[in-house]
Amino acid sequence: MPPKLTLALVAGTLAFAAGLYVASLTPLGDLIPELLRGAQVTAVVALGGSLFALAMALLAGLTRLYGPAPLRWLAFAYIETFRGTSALVQLFWLFFVLPHFGITLAPMAVGIMALGLNVGAYGAEVVRGAIGSVAQGQWEAATALNLSRAQTLRRIVLPQAFVAMIPPWGNLLIELLKATSLVSLITLSDLAFKAQQLNQNTLRTVEIFGSVLLVYLAMSLLITAGMRSLERRASRGLRRGKVA
Amino acid sequence: MNNRNDTTPGAEDAPPMVRFAGVTKRYGDLVVLDSLDLDVAAHEKVAIIGPSGSGKTTVLRMLMTLETIDDGTIWVDGEPLTHMERGGALVRADPQHLRRMRGHIGMVFQHFNLFPHMTALKNCMEAPITVLGLSRDEARERAGELLSMVGLGDKLDHYPSQLSGGQQQRVAIARALAMRPKVMLFDEVTSALDPELCGEVLSVIRTLGREHRLTMLMVTHQMGFAREFADRVCFFDQGRILEQGPAEAFFAQPREARTQQFLRAVMEAV
Amino acid sequence: MKIWDWDYAWEVLPILAEASVVTLQATLAGFLLALVVGLLFAVGRMTGPAWLRWSVTGVVEFLRSTPLLIQIFFLYYVMPEFGITLDAMPTGVLALGLHYGAYCAEVYRAGLDNVPRGQWEAAIALNLSPWVTFRRVILPQAIPPIVPALGNYLVALFKETPLLSVIAVLELMQTAKILGSESFQYTEPITLVGLFFLAFSLVSAALIRQVEKALQPRAGRRT
């Protein structure tokens, strides 16, 4: 690992630990373990949902662009349905209604699935848009070199589309993180659930909700920072600079 | 080498390398190419000139199968390009046939269209490996040779964004040559370059013409270069060839009034 | 148990229709508030002393980066501690207005940035006051291109009104949950609510596309 990265990781971990220690000395101290447990659940749901959303987005986006007609329509229906309805409604539907069809899943699975399907639908449009943003000239040059469509997609277009996808995906991942708070409504003990619970028990409303908001903010900033560095690394050769 | 005395296209016994037979292209109501007949002999260098909208770029794009044709047939090296033979008759070519025929043609674009996420070397290696099935080493050797030939042997690991326009266009030429096409198409390849960078690209094309047995079609505004380098010049106007002939004779004594008007305007702009 | 009970569906439809009025009220009120708040945020980020610009930027980032659900809870439980006691519906509308005001602020910012510098300079040269410049020169040019983006946020806001159910606002989602818990038949109410949202979304998406097309000729996009 490059020395700068190691240093940053060590410094970050020390700062986090120090922050925890300081916080534990404040009146907030006794709340911290509970909140951390909730944050852990939030992180797991966010991570699982993100992976699922990415998979769905690639699948639906590529199918919508290049699949055979019936599959294209299926992808279209999936995208429009999940973009056009409310995330909470989708979550509740999967939680309350699926059991009637004989499918009973754990709340965690329901949460990850609902969020993944929802964000995946928006992600599919991002994938489509990113592929569309690759200049027509790239396709033409590939045709002139006699590459097949699959080869062109795989070797020329998708690598360039990937870079274009990163900023919008960053926004989507933050939306997903915020949406994880909804799983508190299907009995998952995430950060939002803990906030409600602690509030009802201790009535220290301002402190609890204030710190919870800060934790979400911190996680959002982490995602943003991660996406920015990913974009920097991925666009190594693609710097859209001026040509002499 | 520049001027040939037997100048009638297709007069040789060998079939033409490229033949447009009655080719028509329409965009909605607009007729871009009007029943075009054009023969290009093997190893011939043809310059295509004319005002914008005259259909000249469309000629190249159709030959490169980037556009479909509405009427007529295009032949390459004796075989139909846009159609294929089925039971004695000609039917529209299917994708496999197009892919096979496309291998005979290479194209260099006005805006280079280099793959920005690959180095110059990788740009030239990609298609030989993926399409021709060359091994990585064979492709690297071929790419290295070609890039040296165009004067970029020391820039193999540079990305397009690190190269000047003239350098990028030379990489584009090397990339197209790596596929060993029989016909090379040049679509206004200096139009997007700063004037002082045109020379290096034209010099590479000149070398190509001298040392390689390629058939070349060039859409160009560089009249001086066309005059000195091309065997034949075709002047396109409103979807038809208005006038054509051996390069020197064409520029010295244009017959049609429209041709004279065009040449005057272009020379004045320099 | 039957997959779909048409009788029950018909039975709950009128109840849901009534609740949809509440949903639409919350949507419209929330969006109007968001439009106003967003413009204030956007202007606050552009003008004024540095401390104001920094704090507005901070508030906007905060609102955009944290869940609406928590913001709703925060307002509902925290405001009374500061002496402000509002009913559930106004609290919900306030939360929606602030949250989406932050999003709209970004949209306004893009629209304002797109107005060429020369317009501001011409206004100064003509000695127009800042207020008049803004109202008569800048805003009329900044707003039309961003209407589709604002429209998208209207739809997004509409789709988040079910969150108000957590503070017991009797909108569609809350009503559906109550119906479901009473009859133990959740499928019909929740599906109907989902279909209602879907229909509304599709219609408004089409409308927004029409608006976009109508504004197209001015923008001069590449063909």
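Going by the order they are written in, the chains are A, B and C; count residues from 1 in each one.
Quick note on the criterion: a residue touches a chain if its C-beta (ideal position, glycine included) is under 8 Å from a C-beta of that chain, and two chains touch if they have at least 3 such contacts.
A quick note: this is a predicted structure, and the numbers were derived from the prediction, not measured.
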| item | value |
| --- | --- |
| Any chain that touches chain C and chain A | none |
| Remotest chain, chain C as reference, centres from CA atoms | B |
| Intercentroid distance (Cα basis), chain C paired with chain A, Å | 22 |
| Centre-of-Cα separation between chain B and chain A, whole angstrom | 47 |
| Euclidean distance of C-alpha centroids - chain B vs chain C, Å | 55 |
| Residues of chain C that touch chain A when the two form their complex | 1, 3, 61-62, 65-71, 73-74, 77-78, 81, 159-163, 165-166, 173, 176-177, 180, 186-187, 190-191, 193-194, 197-198, 201-202, 205 |
| Of chain A, residues touching chain B in the complex | 135, 137-138, 140-141, 143-148, 151, 155-156, 159-160, 236-241, 243-244 |
| Interfacial residue positions of chain A with respect to chain C in the complex | 80-81, 83-90, 92-93, 96-97, 100-101, 174, 177-182, 184-185, 192, 195-196, 199, 205-206, 209-210, 212-213, 216-217, 220-221 |
| Contact set on chain B toward chain A in their complex | 64-66, 99, 102-103, 105-107, 109, 111, 113-119, 126-127, 130-131, 159-161, 163-165, 168, 172, 175-176, 179 |
